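Please see the structure below; I have some questions.
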């Protein structure tokens, strides 16, 4: 990965969010259905990006625990878009080939008969862009 | 040809750091008319003004240009200085090289170049200036206060005490405003009504104060010192002179289902009503939308029971036209609508209420007679959650960008009062920041935490989920513990953002008072003239200017009163001499200018004109300089250029254009 | 024509009017001139035919200053100008006895000459009583014909209608001559690219010689002293220096008459260089109609003009860029 | 392109005294930058801006002219900006009609509280004029030396 | 005499324009006026009269005189350079040429107008005989023979050939330089030209204004004409525009004005019109205060004042442009006729 600063910049560009607008109210974390599964909490995404600590962010579990439900984005009073930030971090990873969370071969095993197609597509969207 | 002196101010380093002032002086020394140029550290200082005076006298200057801060800041200062030195004050022009130059440009070469051009434009203009003399206009010694809340009442009392007549126009049936709806006040916890009611009574009894309730301002014309206002007294359907305020009509009224505005819609009232027991005037109003008589033509019970015969179903709106010298706006605030905040379930659950509604719940005269109970089932709540900053400090258009300022304190007050009266109730406050600047404010908040055990959680609530059992599940976060919190509550109180009363926009338009994007009225200067509108003769009192608590409101009300008194104390005002003037040799008498004049300042005369030897009777425009405010609308409408604006003449503006474009 | 003359004689004789403002026969078949007639003998030279295109309304400004009433002959389109002048207090309604004269379209000698017809000795078919729709033109280079419609002034092809909006009495019938859309030319230009527009107007305006005929004939340009003749705006210039220098004059002139111009077409009629000046005025009229509602200047003598009026929800100036 | 060679447009901004000029002052005291190409002329009201001033600016070499006034409804003189709005709409339409590039003229309502908007507007406008390049169609050749 | 096939005219123009400026009638947006020759100019030699007379070639509507600049507080005056390049005006008509003679009287008499003189020195006039004079023409009245205009070169346009006859040294020099395109003419050509002239003379006789009488205008008539009550009647329709003066080949009045370019001040002169209310405006106003006076001035100047100062030379040449272009159908012919009728009374 290129320099951390550069990555932080890329995340800002991809997400279109400005981490400096955050007033640390925590409404994102309060809204997040995956809060408990995450090691880095939604309200912390912002500080990681602002501080340029992208390495830790892209290596976090949160990257794959975020459901992209966008509740945080909807409710954020400051228009900071935590979901977009984490999504942007995810994209940074995906853009580096071979760093996928799952390999293509692993997927069929995980498939369930009753799994709705839509969920599958959404999963692909998240893990294999 | 003028003899122009140019004075370039360093403004300490404010200008000099980005503009090479010496270079400016050098560059403009050869401009047409310039006979003197110098720079100084602070032109507005006494020493700076002395420099100007000295140059005016020694160099026999006929015009000066000061390159400094905005003319909105110091034009008056320099005009006065020039006048003291014997120069007509209107022979002064300001080149704004601070706000419009040094403060916004970083590159010294670029900024200096621009400063030179701005100076040249001002020099070109001053070369065409002519001495002007202000006219005079009279001052009507009467003030109008729009809004009868604590701000309006205090302003009116202060003006009246100084001996001037004051009219209060209040749109609801009683004065008192928001403060009358409050239960207790922070940080002393004294009873709101107990301190407000005497003021209301005092205002009503004051011989210099005249109160128009259930009335609105319809039209405003005129200008500082001489406003003419149409006040619409809405039909009350009750004769104010006859009514004794016995209250029988309200008791007997069969239509009792109208939502009570005073109780924020939590309770009901009769169709003929006074908003609350201590209402002033104690004369009811018939709410025609809910009155059976007005809806069906039948009923008429109130008229039958009224021994004074005060009920008048035929009453019509009445327009009163009155003249005022000063107008104070005290239109107050309301809480914002919560339509954009579905996540708090305000519209889904009766047990989610706003703080102002809580005031009515807690108040002994309120819907629950002061008992803290759930509005859904009347049960006593065990767990109450307060949510702060609902709609305040919001970057998008769901809410307001500003801090509503009062919420932290009233929430602490509510929490404290509940814990005091019902020690077994758990109170949790979700906050982003607790802001308590103010005398005894932080102590008050700390008492809530330390003495009353209110549970403050740093973090916001994401969602309030009504449960099938009637309780509320509050999903929030504790940022300090980095934990998500799911909390069972049976009442949620939202610290809803406040906004200026929506009617203020209409009023501001009538007054031509400027207003900001949040509908707060703009002050003439954020620091130095905080209680005046930029529109002369209009003053600001209370929350219409920005969020504030009661003591601040009262303080501002007094300040606005003092400003109004200062105006009313004058017998005459000097009028702006920058007025329009018609050149009768060029005037066609076509009436186009009069059509666009907002002040009716232009009339026509048929008179003999001597046009270079040709004498004939012509219809020509005449400007009443006392009425003209100098907007210039007429000058552009006039095709022949007969109408020109003194101080901003066609040639002056063109000379500025030329100087900038050359 | 005879009817007008006899009525004029009557009015002069019974003292209703002190003079008659009409057209006097010219010394060529096509050049009658505006003229005053004060006696029955004068009226021998009165003429009213297809070449009486001149709009006499503006002459009433001076006539209003004279003793007694003036009988003024107005064609339907002229009556709009007259109304507008009343609105602007430039003419005295009480000083005018308005005879609304019928009109079957007025002729443009330039169009006839542009068709290559020269050495004209006589033209028949121009009288109001002529039923033929063809002009028979005798020239020293032989006889020619031209259809009446082809020789008509541009304004007659987009005629505002046969009705006079103000008059004391009417004499003579009018004819529908409208056979083109009033704004078609404007729309054509609007559809051009900026470069095409610029080239078009540059070519047209490069012909301008600043003779001021358009301004001086214009009933809306009734200023005692035009801004382009005074020092009020430092705009007094008689020069035409570069190819597009006249824009200032023509844009401002059009702007000054915007909302007041009745579209009488006199400017285009009199331009010695054949510049279609009505394209400026009519553009403003079209914009006003589209943005602020249909408005016909001079349709009445009371209503507020669109530029001395407004509504709270008028279009923003950005509409110009937005509509592309 | 080096900074020195960058096209430096001449831009005239007419600002009404009550709102936009104060807005520009606020932009200044808030240190909200915009290019030095913009020079402000103070007029009492947007309705004081005569189309002749605008054409004059172009004639003398301006590359863009922007008129700023109080928001409709907020005019210090009640109605001035309504007249200005009609006048400028028609004038701009005429300029467009004769083939002058759209965007060389602009009207923006800026209140005394909108320092941010003022600076944003000026930045945008300067960008626009830079993209349009030098005004060659409306200028007087004599001023082009 | 020389001749050239009409088909070769463009070659002729190209050749003339090679080393000189060439002005000739060009159609721009439907109107024919004298303009500089370019490859794609729409040259129009058939239209009898250009809208403006070609006097611009020698006396431009607007010309810079000098420029004043200021540097470091010092003024610098830079006179405009005089015309120093040869040029040819092709296609002037008899009346136009006569118009230049009138202008010569004004600008070449002391004090000589150096700008005009330089242009006259460098300009060669090729005059074109009028094949088809029109009803508004009355050059004959002022002694102009439109069939044989006398200039540096006279040309006649026939069916498909143009005859070329140099009359002056300048004309000869021009002819010589065009040797590669001009052919020698023979006696049959001479005869053709004579026939052409005769045909034109015949047409001229048929023109309605050709027999206009100038009687009563020569001699000491100043006071009589000036005081005539007729002016009061004649001027009435006049709109006070300057069309007649600006299309006129002899009107020579100009105004001198300053223009601030931002880098300096240009002093320029431009045509002015005695019909304008601000003509010769001075601080106290104007010496002619009514349109009647201004109207009278124009015709008195053409028919009385000018001849009085120039050995009887009228400053009208009978081109008829004012007859064609006056918005109110006024013109000098109507004035002359009105006075002669007055005489009859």
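For clarity, chains are labelled A, B, C, D and E in written order, and residue numbers in each chain start from 1.
Keep this in mind: a contact is a pair of C-beta atoms (placed from the backbone, for glycine too) under 8 Å apart; a residue touches a chain by one contact, two chains touch by 3 or more.
The structure displayed is predicted, hence computed values, not measured ones.
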item	value
Each chain counted as touching chain A and chain B at once	none
Chain occupying the middle, per Cα centroid	D
C-D against B-E, pair bridged by the larger set of C-beta contacts	C-D
Euclidean distance of C-alpha centroids - chain B vs chain E, Å	71
Chain centre separation in whole Å, for chain D relative to chain B (CA means)	29
Rounded Å distance between chain D and chain E, as computed from the means of their C-alpha atoms	46
Length of the line joining the C-alpha centres of chain A and chain D, rounded to whole Å	44
Residue list for chain C, restricted to those that touch at least two other chains	225, 227, 230, 233, 241, 307-309
For chain D, residues that touch 2 or more chains besides their own	50-52, 56, 60-61, 73, 79, 83, 87, 140, 142-143
Residues within chain E bordering two or more other chains	259, 262-263
Pairs of chains in contact (touch as defined earlier), listed by label	A-B, B-C, B-D, B-E, C-D, C-E, D-E
Chain C - residues contacting chain D, complex	189-190, 192, 194-202, 227, 233, 235, 241-242, 244-245, 247-248, 251-252, 254-255, 258, 280, 283-284, 287-288, 291-292, 306-312, 314-321
Complex contacts: residues of chain E adjacent to chain B	70, 72-73, 260, 262-263, 284-286, 289-290
In the complex, chain B residues that touch chain D	70-73, 96, 98-101, 103-107, 110-111, 113-114, 117-118, 121, 505, 508-509, 512, 514-517, 522, 534-535, 578, 596, 598, 629-633, 635-637, 645, 648, 650, 653-654, 656-658, 660-662
Residues on chain C engaged by chain E in the complex (per definition of touch)	26-28, 31-36, 54, 59, 114, 118-121, 139-141, 203-204, 206-207, 209-213, 215-217, 225, 229-230, 236-241, 266, 269-270, 272-275
Residues of chain A that touch chain B when the two form their complex	21, 23-32, 35-36, 41, 43, 71-72, 75, 77-79
